[in-house]
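In the two complexes that follow, chain A is the common piece, with chain B as its partner first and chain C second.
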Partner chain A sequence: MICIYIYISLSLLASTGGISWHQRSSTTTRIPMMPRIPFSVIIKAQRENHLLPILLKECRTIDSARNELRWLRERAVRDSQSLSSKTGWRSRLRSMCQMRSRGYPLQYILGDQPFGHLEILCRRGVLIPRPETESYTYQAAKLVRQMARGCNDKSESPNQARPLRVIDLCTGTGCISLLLHALLAPHFQKLEIVAVDISPTALGLAQENLKHNLQMGQLASSAGTDIHFHCADVLRYGCNNSVPSIESILQIQLPNFGASDTSPPVQESGCDLLISNPPYISQTEFRNGTTARSVRRFEPKLALVPPHSGSGVEDCMPEDIFYHRILTLAFKLRAKLTVLECGDSHQASRVVALHNRLASTESGQFSAEVWPSRERDLAENGFHATDGSRCVIIQALQ
Partner chain B sequence: MLVKSICRSILRPRLGLKLSPLRGLHTSKNWEASDSALSPALLTRARLLAAEHTKLAERLGESFDAKTAKRAGELAPVANILKEWVNANDSIVELNSLLTDPNTDAELRSLATEDLESSRDALPSISDRLKKALIPRHPFADLPCLLEIRPGAGGDEAGLFAFEMLRMYVAFCSRRGLRPTILKQDTEVGPSEDRLSEAVIEIQANGAYDILRTESGVHRVQRVPATETKGRTHTSAVSVMVLPSFPEDTSEMDNALNFEDPSSDYYIDPQEVRVEKMRAGGAGGQHVNKTESAIRLTHIPTNTVVSMQDERSQQANRRKAWQVLRAKLAEARQEAREQELMQLRRGILGGVAKMGRGDKIRTYNFGQSRCTDHRTGITIHNLDGILDGGDGLETVMDSVRTWMADSEVEAMVAEDMANAKSK
Partner chain C sequence: MLSRLHWWTSSRTLAAPARLFSQTPIVPAKPLPPRLKISDADISISYLKGTGPGGQKINKTNSAVQIIHKPSGVVVKCQATRSQSQNAKIARSLLADKIEALENGDNSRVAIKAAAAKKKKASKMKKTRRKYRELGEGAKEGGIEEEEDEVEIIWDDDVKEGETKETESETGGGGEAKSEVPGKGV
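Up next is the complex of A and B:
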């Protein structure tokens, strides 16, 4: 009986999960290898728990499968207690595991994902927050506090004239805005966060997340009035269709936005932090296996791959169009700090180059760097030395 | 001559314990009863502390100061019990003089005899309490604790028994209303889920450290394992470590235990800790959706490694890992300090029994359904009850606590006397 089971699960794993040896040796392009799970590991998993091999298909390592099984079990038991569903937790767990083995994201099954100390609700149609984004958000908050300290030392006026202004483009679940509020609220009396997304589904969930974390007591009550979610298209300039452009939103939100450079009260307009995790996956990377199956199948393409640009922007690669747009906005907003998540270090370097090109026609000095790049930053934040995501941090120098 | 005889009276029970470990508990009990008279060294110490208390109380009357109040609060029990002891002694002396006085009439005499008897009966318990009050409190006594269980020698069987011990302590804590939470539970790869490779329980109640510190050491199990086919009895070992758990909020703590204060003994320089998260190669960011959130801390000077992967949140894993790392380092430092103290005392006493974490402290024998603690020699014949965390375990732990207090007093007295001698 057990033998048959193992055989079935094994054949399943081999057929869908792994890539055959032939394919592996013949490919020279950057197709990530999904190494075949060793037979011994599958047997081990099978002996430990009959649900483990199912999870192993998606998790790939036994440690990870074990953790996921525990989290799923905890949730299944809790659900069956609270919902008084007809089915017991065991059958619930089984169906959860089967969903997971098809690549359905754990966060969509469980309905949430921790982000910092917040609990971010996750639902189909909205991108799941990634741990890298968490690191960038912490780093951004750290830099904002450093900047504020530097300013206060100079002007010796601890009382802010205007609120600290943060703009979060392509907010998705709202995770960045919410965590920034949690991190910055203890240090700034006045705080204003404008979060923008094109997807009404995302904005609905972001609102829910705000409420959810307020209820859980993870956010200060001021978050309810400090954070504003808006539906807007970051890429489009003019106002057509039903979705307003980002400019029209910012004009309402920020006084003096779009006024000419000669307008004196710089203090009044402008923003302190412009942060974004825009779609950045190229069409090729979306298809060639760089993007994981689970992401490709179940997460919204809208949040992952920038649309084909038909308008204007031609001096950058199609996957970088959001950066072009956001960098232009950053100059207009006189953003003191800009933090942009990128897919890998190559893209990050491209963004730095793009910034330098655009900055050459602007007044003012900037420093643009790829983060994390120092060994200690890499290790402490869980980044691989060469692979994986990076962000670009641009600071306006006074 | 007097000093010598006292010395002997103190050392005798220790020798007795060594000769017949199984009677150890009774020996120490007897000793407590027979040694109702306090050694001069202890008495001197008590008087010194009481004098300090009076002084502090006076100062508190003039102006309040949190630090003084705290110290006075610590000394109050000693001062009060000493007062009781002095009163009891005074009344005995008075009653004696009454009895020896030829002018006392018969009725009064019989009353005095009765009173004298009751006073004499009360005296040993008062002395006993005074002795206990004089024992310096363990620096971690008021803290919550972490209890770490790891299988030692014995392979699969050790892992199985480690799992049973985890259940035992969880049950024990729940029974005592201590609310245990499992911080970490790593099971070994094997046919069943009940083979532990490491577990850490957190017991958040204040003072949990003091309750559970009797459990640190190697626990031995003797039984025919479920995996044994030929019916042979195996002996395996599980090591238990009780670690202090420092509260997150350091503002309310006194300086000695504030791990964020560089002058504290338990301070950890963050520069000396290497933090590592999982570092997977390949694509990252939006391309993938990894659910691992493991974190590993390494204290470089001592090469202490703590890894945590149980929670979905990296933040939570990091917090827990720090908690365990702090606990481990604090315990190690405290242990080192005690070891140093022991070295000093050994010179005086010529060998004090000190159970380190490497010593075998208890045996669970399934064949005879008994549990024996090797420090006190106590044996309880209700093994199932003990493994359910029941009263039996409580009895064993109580006996160890008494034993610990006794050894502490012995060492203290010997030290004081050696000091007095050298003066």
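Up next is the complex of A and C:
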């Protein structure tokens, strides 16, 4: 009996403890990403369920391993019942756990991720929606509603003349556009959402997500006609490639987009909300252990790291080129509200500084802030207290 | 192994619940007190992120929600589902139950439900005990007075059931005995 016990613990040592040791030895000068899991935890997990130690390799804490095992088991049982496959749920669960232990994202295994009250389908090749993105989408919807209420009080004319225009750049799974539609549709009679991405895979999945949530009854039936997905390159100015530039798409979608340059008296703004979660990880951060193994190996680099040589923008860091481009677009469109996700508080303050620099040459007053700013807000909105993503909210003041 | 089997059967029943044929809702004999409504001003919701930063760099699967009720200091945490909003909803109902139990004591929803469940279980146990006691007596009577036919119909049914069960167990026992024989021989 004792021999068996020792054998089990040794095999676990080789399987679970080994990886973290290997990782640490190969990244001696970098930040230790994976602290070794204590043996007591591994043994405890093994006693609880024989699949838990496998999941522990990726989850790192017994609590989250337990949760993931529960979700995987639920899905395995459901699949084996609905598909009536030859393999039982037990072997299915085992293979799922082994995939997960190699770092394959849980959302790709399960095929979906909840985003607000929507269910967003996830597939290899498209970035998985993050909970922080969910939080700031809610905040953006709240601000748009506040803004509309302020406008209605002033002019007394209901917003029937012009639809509320939303532009979502680098949409990916389409999660932001879909959630915004779900949140704003009850408050606005006319809604127009333009979602743009460069990847055809992402756009295909975004369309699927639209259909999926319409079928589930989570979206109003008008979403099918209100939301338009377009393939376009946000960074490129010219139209020399097979992928059209963002300007050409917006000229078709927004009639007075080109005209606003030549006729300054037209004060009508091109869009009400410009929202984006662009790639923002720098080349070094992608490689030095700050970016998780699972993200680095299995999620698309196209959605994470901005390309090396952008459009010849010199006055900002290489990882900030998307913000430069989107901010200039926001001035062109006279966007009333611009919401941008950033990697951390440093990047967010860089974006605010960049905005102030660009705004000095433009007419009009703006307020730019990092959200959430206070410690308490961070915890309440699900942002990590010391590090992690922030978002920059820029409002045009009337 | 047994616990796994039990889990398997329970999951089967959960996945395909029996549909009711009647459209009228089931009304309990004694209506429960209404659910407590907690105002948003009294609570503070926080979304707990495990360790490390979030955003694009890390793909988090943990979406635990913690609610603190400021007046009473009750803390509720929920990480049942992958959805933040769903977890918040569950945590809210848990908190309402907890606070109601604190306020009303034995007259709260939770206490009444628990008492009803306890009563039901006790009566079930009582029925089971009575049944097996009667079965035992019936078997004895049947064994001693085989010729007697003056038994009520319902009673007769019970006896028959008991007899078949006994015979089953006897054959089972026989099987075991047989299997033991070669073991002894070896």
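Just so we're on the same page, the second predicted complex is superposed on the first by the 355 of 398 C-alpha atoms of A that agree within 3 Å, B and C clash if a C-alpha of one lies under 4 Å from a C-alpha of the other, contacts with A are read in each partner's own complex, and residues count from 1 in each chain.
Heads up, the rule we're going with is that contacts are C-beta pairs under 8 Å (C-beta built on N, C-alpha and C of every residue); 3 or more make two chains touch, one makes a residue touch a chain.
Bear in mind the structure is a predicted one, so any value in this text is a computation, not a measurement.
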item	value
Room on chain A for both chain B and chain C (clash or fit)	clash
Which of chain B and chain C A:71 touches, first, second, both or neither	both
Partner chain in contact with A:48 - chain B first, chain C second, else both or neither	first
Touched partner set for A:62, first chain B, second chain C, both or neither	first
First, second, both or neither for A:94, with chain B first and chain C second	neither
Partner chain in contact with A:81 - chain B first, chain C second, else both or neither	second
Overlap of the chain B and chain C footprints on chain A, listed as residue numbers	59, 63-64, 67-68, 71, 105-107, 113-114, 116-117, 127-128, 130-132, 134, 277, 279-281, 285, 290-292, 294-295, 299, 303-304, 341, 343-344, 379-384, 387-389
Residues of chain A touching chain C in the complex	59-61, 63-64, 67-68, 71, 77-78, 81, 105-107, 113-114, 116-117, 127-128, 130-132, 134-135, 277, 279-281, 285, 290-292, 294-295, 299, 303-304, 341, 343-344, 379-384, 387-389
Chain A-touching residues of chain C, taken from the complex the two chains share	11, 15-16, 44-47, 49-63, 79, 81-86
For the chain B and chain A complex, residues of the former touching the latter	187, 189-193, 274-295, 309-316
Chain A to chain B touching residues, read off their complex	32, 44, 47-49, 59, 62-64, 66-68, 70-71, 105-107, 113-114, 116-117, 127-128, 130-134, 277, 279-281, 285, 290-292, 294-295, 299, 303-304, 341-344, 378-389
